[in-house]
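You will see two complexes here that share subunit A, one where it goes with subunit B and one where it goes with subunit C.
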Partner chain A sequence: MDIFFQLLLNGVVIGSYYILIALGLSIIFGVLDIPHFAHGSVAMFSGYIAYIVVSSYNANIFVAIIISIIFATIIGVILEIVAYRPVANAPPINSFIIALALMMVIDNVATVIFGSNQVSIKSSSNQVFNFGSVTLSEQRLYLLLTTFILVTGLYIFMKYSKTGKAIRAVSQNKEAAQIVGINTNRISSIVFGLGSAMAGAAGAFMGILFALYPAMGGHTVMKGFAVLILGGLGSFPGTIIGGLLIGITENFGVALLSSSYKDLFAFVILIIVLVFKPSGLFGNRGL
Partner chain B sequence: MNKKRIILTLIILFSFVIPFLDIGSYNLHLVSYSLIWVILAQGLNVIQGFTGYVSIAQAGFFGIGAYSSAILSLNLGISVWLTIPLAIVISGIFGILIGYPALRTQGHYFAIVTMSFTMIIWVFMMSSVKFTGGEEGIPNIPSPSSVFGIDFSLKENYYYLILISVLITILFIYRLMQSRVGRAFITIRENEQLAQAVGISLLKYKMLSFTISAMLGGFAGALYVHYTHFVNPTPFTVDYSLNAILAVILGGSGTIIGPIIGAFIMIFLPEYLRIAEEYRLIIYAVMLILIVFYMPKGITNLIKIAYNKVLSKVARKSETKK
Partner chain C sequence: MSLKVNNLSIAYKGIEAVRGVSFDVKEGDITVIIGANGVGKSSILKGIMGIEKPTGGEVLYKGNNILKQPANKRSSTGIALCPEGRQLFHKMTVQENLEMGAYARKDNQINKDLEEIYKKFPRLSERRNQKSETLSGGEQELVAIARSLMAKPDLLILDEPSWGLAPIMIDQVVSIIEDINKEGTTILLIEQNANIALKMADYAYVLDVDGFVLEGTGEELLKDKKVQEIYLGA
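Presenting the complex of A and B:
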């Protein structure tokens, strides 16, 4: 039974990493209809920035996480303006190719700069909390807290702030939003900034809890899309439940079956759900 | 129309004499490999270009065809002349199995679901070692047996097998797109609701389109595996599916010439970028972005525009002479 709870907790931790990734993807995809394949690569690159900040300047990991978030936000806004905005009114396949090409650019630039070896961010303290026989490391707790804060913050922002309302308006009807005086270009940049900030946090935690390597971006974004579709596009509870479901299933699947099938579980669940409910678990448009 | 016929005949004649030209065995290999990719891309074009559903499963079907033909010919000792059609049938069956759940979704969703299937297929190729040899793959895959004294273990002779397969594929696609079925595909691409309103069964035609694309993917895979005599999971990752999509778009999706040009670009361009070494893929990706910005309808369209410009100039000159 202890193993059960330990696996469950580990699943929740991985799940909250997936939630961070998927939530950013979800607002970008949901509001702007861009399948941002480079999202995971932005997370990976910012993770490397956090790694450099810690390993070369001996910075505290919180400082590193914040720098990673800021870096990702800037990259996200730049990508939106330089690469996605020129094809905003073109057929959807164009943004699809741009997204794939950006993923290739960022992943390969990372390989050139950082090399293809795995690195991980060493933190100075390594406290472990015990709840009965279930253990939780300090860093994993930080991930849970960060996810909680960012998800709640984003939810409140989207629901109550004026900008958040404008974003939801664009998501529902871009032209109508323009007519009532919303600057859709500005909204696009804000959406990319917010979404990428989430990726920045995820990237830093990837380095702290696991390992960073250039190809990680591609793996991460595919899981992110699986979570996003599983939960239903643009649904906050859907993304959270989808992320937790995939995280937990992966952990139990690896423990019960084999680790060579680890990456399968997410996609098998995804396909099963889509067969019965093509719009995802909580599928309805609009945040 | 007549001019087009002449150009077409010349290109086909030229493709038949390529092995006699002194281009070196590596270049001949690249041409053969590109031709295999033409079949793969033509298949993808049926679902992506004509029906409007971007599928990321093409490399998966390429792999299913490759492994089916390899295992059937090597383990069961069936003649390669039979295993290639069998591989096409098996890929078609997988096309139906995958298409049924996947075609319930649309747009980017469809792309991501088909991507999931490619990943699942790939993980199975990697993990079921007993069946597929895992990462080490399957070596010593036989060549097709000799027919009329033509030895197909020679790359020059195998080239003709590939070339004839390509010509049959293109003829098939051409006939298909002129038929009722082909027009139904295009109607679905243009407007699904309208298609349904005029009595086109959406699921039936989308399934048909996806299955045809799967079968051609499998055909390409089977040809590939008896050409290289070796197969492992490397060429069947999601990346290769994406390359196939790019081949269709670069050439011009929804045209028959497009995937041919696109496939050759996808094979030759990375080869020529090898001088750039580690920057190769970065340059390649930036080129893709620029292509989407400046010529979103693909290279075929660009050639068409250039051709029309030259034509109108020639016409104007002959008019002033008069």
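Presenting the complex of A and C:
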């Protein structure tokens, strides 16, 4: 039974990582209809920045996480303005292709700069908490807390702030949003900044808990989209439940079968859900 | 003069939807543009609001050419549009929709005006926390009008407010528009329903594919033979 709870907890930790990735994808797709395939690559690149800050400047991991978040936010806003905005009114296939290209460019630039070997971020303290025989490392606890804070913060921001309401307005009716005086370009940048900030946190934690490597950008974003579709496009609770479900399934799958099938479980569960509920668990669009 | 449109042209992918139309909206008046489907009525409004980029002409509002401003600055100049087909934020509550109407405002009277609106539209007050998509068509039209009023416009433009409404609801919308006008807001009304529109009009234009073919006071146009034939079905 202990092993069951341990696997469950580990699944929730991995699920938190997927939630951070998928929430960014979700608001970017939900508001702007852009399938941002380079989102995982932004997470990866920011993770490397956190790695450099820690390994070369001996920074505290919290400082590294914050720098990673800031870096990702800036990259996200730049990508929106430079790469996506020029095709905002073009057919959707254009932003689709640009997104794929950005993913390849960023992943390859990372290979050139950082090399293709795996690296991980070493933290100075390694406390482990025991709950009975279930253990949770300090760093994993930080990931859970960070995810909780960012998700709650994003929810409150979207529901109650004036800008959050404007973001929802643009996602529901862009023309009406312009009529009431919302600057839709500014909203696009904010959405990319917010979404990428979450990816920045995810990237840093990937380096702290596991390892960073340039190709993880593509792997991460595929998992992120699986979570998004599983939960139902644009659904906030769907993204959270979907992330947890995939994280937990993966952990149990690896423990019961083999780690070589790790990436299979997410997509098997996705297919099973879509067979019975084609719009995803909480499927209907709009935040 | 509140609004003066000179020679406005709008084209979609090279096809002209609006060909050099000119008209005036006098301060304090209800000015009406009537015309059949597809003659470019809504395109004119999209041009005025900056949603479509006109290919030529100018739009003077209180003497300034507003085409030079970006679209999102338009509502802070005092023009509000109640768009065709209501265009509500369907997953947002009635209250959130009304708050978005005041998005461009920077004063602190918004909550006071919101309560004023609820007094004027008690039905919306009852449904303030309901998502707008759950409302009936008539109630949605009221939300759309109320949302545009939340911008505190000097000039309110309404695009087909009678669209899809039951006759009893149309009467209510007409009296709401007349009340808004009596309180000092200039109205530009675009309608297919010539009968109700011309009765409200201080001055009216008839739009055809070739541009404006007729203009005059509401009474004059109601008596006009051609208008009766084509638009009033007499």
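We take it that the second predicted complex is superposed on the first by the 287 of 287 C-alpha atoms of A that agree within 3 Å, B and C clash if a C-alpha of one lies under 4 Å from a C-alpha of the other, contacts with A are read in each partner's own complex, and residues count from 1 in each chain.
Basically, a residue touches a chain if its C-beta (ideal position, glycine included) is under 8 Å from a C-beta of that chain, and two chains touch if they have at least 3 such contacts.
All figures in this text were calculated on a predicted structure; none of them were measured in a lab.
Of the two partner chains, subunit C is the only one that A:Ala166 touches; subunit B does not reach it.
In the superposition on chain A, no contact is made by A:Phe71 with either subunit B or subunit C.
Once the two complexes are overlaid on the shared chain, A:Phe236 sits clear of subunit B and of subunit C alike.
After overlaying the two complexes on the shared chain, residue contacts for A:Glu175 are found with subunit C alone; subunit B is out of touch. Within the superposed three-chain model, A:Thr184 lies in touch with subunit C and out of touch with subunit B [touch as defined at top]. Of the two partner chains, neither subunit B nor subunit C is touched by A:Tyr48. When both complexes are overlaid on chain A, the residue A:Asn108 reaches subunit B alone and has no touch with subunit C. Judged by the touch definition given at the top, the superposed model places A:Ser260 against subunit B, while subunit C stays out of reach. If you count the residues of subunit A touched by subunit B and by subunit C, you find the higher number for B. If you check the complex, the residues on subunit C that touch subunit A are 49-51, 70-76, 80-81, 83, 87-92, 96, 99-101, 103-104, 147, 151. Interface residues of subunit A facing subunit B in the complex, by the touch rule stated above, are 29, 33, 35, 83, 86-87, 90-94, 96-98, 100-102, 104-105, 108-109, 111-112, 218, 222, 225-226, 229, 258, 260-261, 263-264, 267-268, 270-271, 274-275, 278.
Subunit A meets subunit C in the complex at residues 162, 165-166, 168-169, 172-173, 175-184, 286-287. Contact residues of subunit B toward subunit A in the complex are 54, 101-102, 104-105, 107-109, 111-113, 115-117, 119-120, 123, 126-127, 238, 242, 245-246, 249, 253, 278-279, 281-282, 284-286, 288-289, 292-293, 296.
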